[in-house]
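One chain, chain A, appears in both complexes that follow, with chain B as partner in the first and chain C in the second.
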Partner chain A sequence: MTDPKTQTGSRQDEFEFFEESNALWWITLAPTTWAVHFVLAYGGTAVWCAKFGETQGVTVARLSIAGLTVLALGFIGWLGWRSVRRWKPRQNDMEDLSHPEGRHEFLGHAAFLLCIISAIGVVYVAMPALFITTCR
Partner chain B sequence: MIRSLAGSGRRLVAMALMMALAGCAGRQSALSPAGEDASWLHDLWIVMLVGAVILWTALNGLFFFVTRVRPNDWPERHANRLIIGGGVIFPTVLVGTLLAYGLSMMPHMRADGDGLVVKVRAEEWWWRVEYWPAGATAPIVTANEIRLPTGQRTELLLDANKYIHSFWVPALGGKMDMFPGRETRMTLRPETPGVYRGQCAEFCGPSHALMAFEAVILTPGDFAAWLEAEAAPAAPPATPEAQRGQTLFRDEGCGACHAVRGTEFDGLVGPDLTHLASRQSLGAGIMEVTREDLTDWIAHTRDIKPEVAMPAYDWLEAAELADLAAYLEGLK
Partner chain C sequence: MIDRRPQGIYPPTEEMLAEPVPAEVQERQADSLTKVWKTKTGIRYLMSVNNSEIGKWYSLTCFGFMLLAGILALLVRVQLAYPDMQFLDADRFNQFFTMHGTAMMFLFAVPLFEAMAILLLPAFLGARDMPFPRLSSFGYWSFLIGGIFVMGSVLFDVAPNSGWFMYPPLATEAPGPGSDIWLLGLSFIEVASIAAAVELIVGVLKCRPPGMRINMMPLYAWYVLVVGGMILFAFPPLIAGDLLFELERALDWPFFDATRGGDPLLWQHLFWIFGHPEVYIVFLPSIAIAAMIVPTVAQRPIVGYSWIVLSAVGTGFLSFGLWVHHMFTTGLPNISLGFFSAASEAVVIPTGIQIFVFVATLMVGRVKISLPMLWIAGALAIFTAGGLTGVMIAIAPFDWQVHDTYFIVAHLHYTLFGGMVLPVFAGIYYFHPFFMKTYLSEKAGKWAFWLIFGGFNLTFLPMHLTGLKGMPRRVYTYPGDLGWNWLNLISTVGAFIIAVGFLIFLIDLLRPGKRKLDHRNPWRAGTLEWTDTLTGEDWGVRSIPYITSRYPLWDQPKLVERMDAGRYYLPDAPEGLRETMVTSVIDARPVQVQRVTGDAWVTLWAAVFTGAAFILPTFHMYKPAIVAGAFAIVSILYWLWTSTARKPEKEMKDVGLGLSLPTYASGASAVGWWAMWITMLGDSTAFASLIFGFFFYWTARPDFPPMGADHADGWLVALTTGAILLSWALTVGARELNRRGHVNPARLCLVAGPVLAGVAIWLLTLSVLGLSPSTHTYPATVCAIVIWVVAHAGLGILMQLYCLAGSLFGKLDPDHDADLWNVTLFWHFHVLTVLVATAVIGLAPRIL
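Let's turn to the complex of A and B:
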């Protein structure tokens, strides 16, 4: 593979554009995980309780939420770790992130912050399953 | 001059405080709980209030500190620590703790009842009520009033006829919405006998604000005696006046909409009137069962309560209205 840095100007721009538009998708992954976890937890419980709640209680739904929560937090944790590697906090201070050249690192930083808020969101969404023991 | 100003200022503050506190007491207040569920909500409210006051003070204190006390630059390390500690960790833990505390109450409020079931259906704009004691095969029907015994958990099954309403007796517990075609459920465990007030808490139409009811809390003994009386058929008219009233009730077609058990009147459109005169209020919590209010209600129904299904009988003579009222007043 050729190093994009040696390419002519416009091809290099194109490459960077491609990279950064990917990074834009990247920063939506954690909030999307949070949203999917929310819909599955609430929607799944509603469906479970409507169909089986009378006879089987809510245990299966609660355990499924526990499983989903572990999966979601694991995935967000991995995203967070990758985002920190983009951000490279030891090599960049906040000043570096505010220049166009720091775009890549800035997006890593933003993705990392979104990972934190999404993890908190996932935990809060899951908490009712810890306390509520019936479908009523 | 200054002193008298300060004096009247103090008096004004004292008066405002007294008025504010008076607004918190009373028979329709979540801040004077008369049952277990309301006590929990009361505690929750206090905890949330204290938490909010602390947060508000701390945040504004911080603003004051960084703009007035130490407006100069902060070393980045300190600033970061403040933002991460005060802006991320502290609120996350605090909100998480409050969430856990609030959630931990919910299982209690969904607890099973101890036997008595009360079904309430919200109509336009009144309450249809059925009592189902443990083991009952047919309900005891009444309207516009809820009576519950102390010291036991009663199950309330709620629904609605046409619009969405909400059942709320602040002194007894939380709010529960009432939907057409879908039954919702709550349980209440009252503790202090007394007469409290409930109010429809979901805007439901022109007479929403006039859709209230009395919630009478009785000791188990008093409750059993009341329920037995409520199950009995209506008392027959005892005076000539009341007898004429009963005839009018028949001739004017009141019985097509109202049931009076023990008589031929078995209408289901309006509230059951079998024991109307033993109720604490008239017209869903807005008037009293007195001669004056009864004649007023019958002659001016829709002026008093917009869009109710009951027509106003404004063509009746004063004497006829009095006879009708006498009949209704005898329905103890």
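Let's turn to the complex of A and C:
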């Protein structure tokens, strides 16, 4: 805040919000992708098995989940790549913390780690569709 | 428009901070702070809303309920000590185990998180108080009243007796008021939990000290943020479930009755969508205590701060994908079970990471084992064991073998003792010098630990075997020839050893003459709560510091001295008002001085009337309940009118260090707006759960909607949508007109808006008048959605009229329009609700 007259207060808040609250939402994007993938896989299969499972088997649901999984992993991969760029892995010390770059990189690092865990979660959730071949 | 941008210098320079404050100024400032924040004495002590008082009452009340629930457990264990015991009859046994589980979860584990957070969070953040002290007070009184009501039912032999998860049809068909007591009493407490969540989230996001960027928050704050968010998504489904359940109990609407198109499994879904995240809701804040203690014990910063954040956020998300693992035996398709099994295994990864982070921190630090650390070590050992059995039962075929046996009882107690009880004890030993200014006894603490730790393993380790040998849960007795006798006897002995441990702790906690605090920072910790003085002042911090480190007490050597001298922000209260500082969400730049509400009776009254409105229907006293509800609304309106979003006596205030901040905020920079946003997120989740119910029935039942069923009248539903859309547009219009200074047109909008919303209520009610909800689940579901919409429209009308009154009586003007912003936000959510609801009841049945 070098020029307090022009860049403070609620406008500062809004500005910060556009720049960095994006980052706060950003760190939840990968787990949200996992959640959406999960809900679609579970909900889609539940509806499919209840309405069409007996006559048409589960193949369509399994293929859809495969497609969804590729999409989800692709998106998480992209998020992870962007997060690494934000994080810029390098040696840093405690001094950096209180500078904006420190916060910036922290959010990148946290987002990157969450991408990894979310990708694992997506793969786990996709596995039942890989192995289970009926609606029973 | 008034320019409310902060003016002056920020951040402060080292020269400014080094400049001494004259002694007489210090004294005068301290005096005025003391006067403003003074806790009342005598009966008026009960008016207190200060976070430290509420936090202490809250914690003690939770602890009291825990002891009662523990006594119930002991009685249950006595009954199970020998085969064919006649100590308790079957019905009383059912009441006792139901109340044991219910009280431990709803009256101890979840509220204790809120209690400790209310007590500790402001101190961690160097804030004077939470942003909405009266809301904490309202939450506490609601909890106390609801808790006594639910717990008291045991004494009158009318306690709920269908298990703590109240499965229908057993619970819906149960005679007596037990199930109603559970439903209404706990719904009331759940509302208090959501209030606490709103308060805590806003507290973490907006009440940090200047300079404490989001990457510098104490880890506890991260956990509070995550857990607050989880409460918003976990509790509302249960509230929606409670609503349906109570409609079935009171009005015979057959949501869970399979003979009339209902499905008991919907309750299981709604309950466990709440119930499983709830396990993490109690676990995460407790492990957060470990995240505060471990760095202190290791005398170094936590290794891998981001990893803890990953762990908390990751666990928070994944925990919502586990609920069906409580329902593995309900006959869902195997592939569905597979998804939940997979997610249940995945959640182990983030949960495990934080344990490794703690171990790593201890390994690289200079550890001196202290009493709190002993409890944490015990917690980690027990939790890990519970986690391992969790991995086992997350695998569906294994779960089919042990479902509903004592193996599950053992597992859940291992996770809850390791994940909640022991870390909380660590926290009590660690923070006792902070909040009571005395030390608990080291020797008694060790005795208590080893008795509880040893007794725990003696009780619950054999239970794994008891379960594998086939003993089912919830049986009140068993024959003597099944090989369960000695295992049960050991468990009972162990339970009493745990009880002795608790007794020693209790005596130590309550005994007079404990050793007085002799050092402000007895554990040599690095976080802000230990700047508190030796006697502890009502105002919390003397001045709100500028923070440049995660562990300010380690890294900012002159911090305490300068805080004490009043060198930092808000060192004074010349206007005689309680104040704390509001900062920006990410970088914690100062943005506003928040006038926080002071002591009052009104919150207590509001809680009493709200309580009556929930409790009286249990006894089918509907008219008095409506009257009580009206009084509750009046009390809350009085409270809001007299103490929130008041016009300040001056627009800007000098907060010290050459910085001037506004004393009023509206829209997205006001804490009230954030609170509304967060509340409505939770509210929308409850609504989404009702809609989930609709589609659940459609998937699960071939007769939903039944052939040739009556639907809600399409035209009336469409007209309702139109009227609500107009009313919403008028509300937005009122805000914009008022902002531009067109006060009278804005008032006109606020007259027309409620009229239209009233018309909408009338139309929507008419549209379903022909349906008979007790005949089938379909009309019942449609009517439940209508009830939801009508109640919210009523609330919307009340809010519009509140703003109209504000405008007429000078509380609200073009420069002070916070109320109108908040009400508009409510209406944004409401209009979305109405669009979804009318599409579901008006369009969906005609398409599906």
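One rule holds for everything that comes next: the second predicted complex is superposed on the first by the 106 of 136 C-alpha atoms of A that agree within 3 Å, B and C clash if a C-alpha of one lies under 4 Å from a C-alpha of the other, contacts with A are read in each partner's own complex, and residues count from 1 in each chain.
One rule holds in what follows: contacts are C-beta pairs under 8 Å (C-beta built on N, C-alpha and C of every residue); 3 or more make two chains touch, one makes a residue touch a chain.
Just so you know, these numbers come straight off a predicted model, no measurement behind them.
In the superposition on chain A, contact is made by A:132 with both chain B and chain C.
Touching more residues of chain A than its counterpart among chain B and chain C is C. Once the two complexes are overlaid on the shared chain, A:120 sits against chain B and chain C alike. Of the two partner chains placed by the overlay, only chain C lies in contact with A:41; chain B stays clear of it.
Once both structures are placed on chain A, chain A residues 120, 124, 127-128, 131-132, 134, 136 are touched by chain B and, in the other complex, by chain C. Taken together, the chain B residues at the contact with chain A in this complex read 88, 92, 95-96, 99-100, 103-104, 106-107, 110, 185.
By the touch rule above, chain A contacts chain B in their complex via residues 116, 120, 123-124, 127-128, 130-134, 136.
Across the complex, chain C meets chain A through its residues 4-11, 211, 213-216, 301, 305-307, 309-310, 313-314, 316-318, 320-321, 332-343, 345-346, 349-350, 547-550, 555, 584-587, 589, 591, 662, 665, 667-669, 699-700. Against chain C, the residues of chain A that register as touching in their complex are 1, 4-5, 8-14, 16-17, 20-21, 23-24, 27-28, 31-32, 34-35, 38, 41-42, 45-47, 49-51, 53, 58, 61, 94, 97-98, 100, 102-103, 106-107, 109-110, 113-114, 117-118, 120-121, 124-125, 127-129, 131-132, 134-136.
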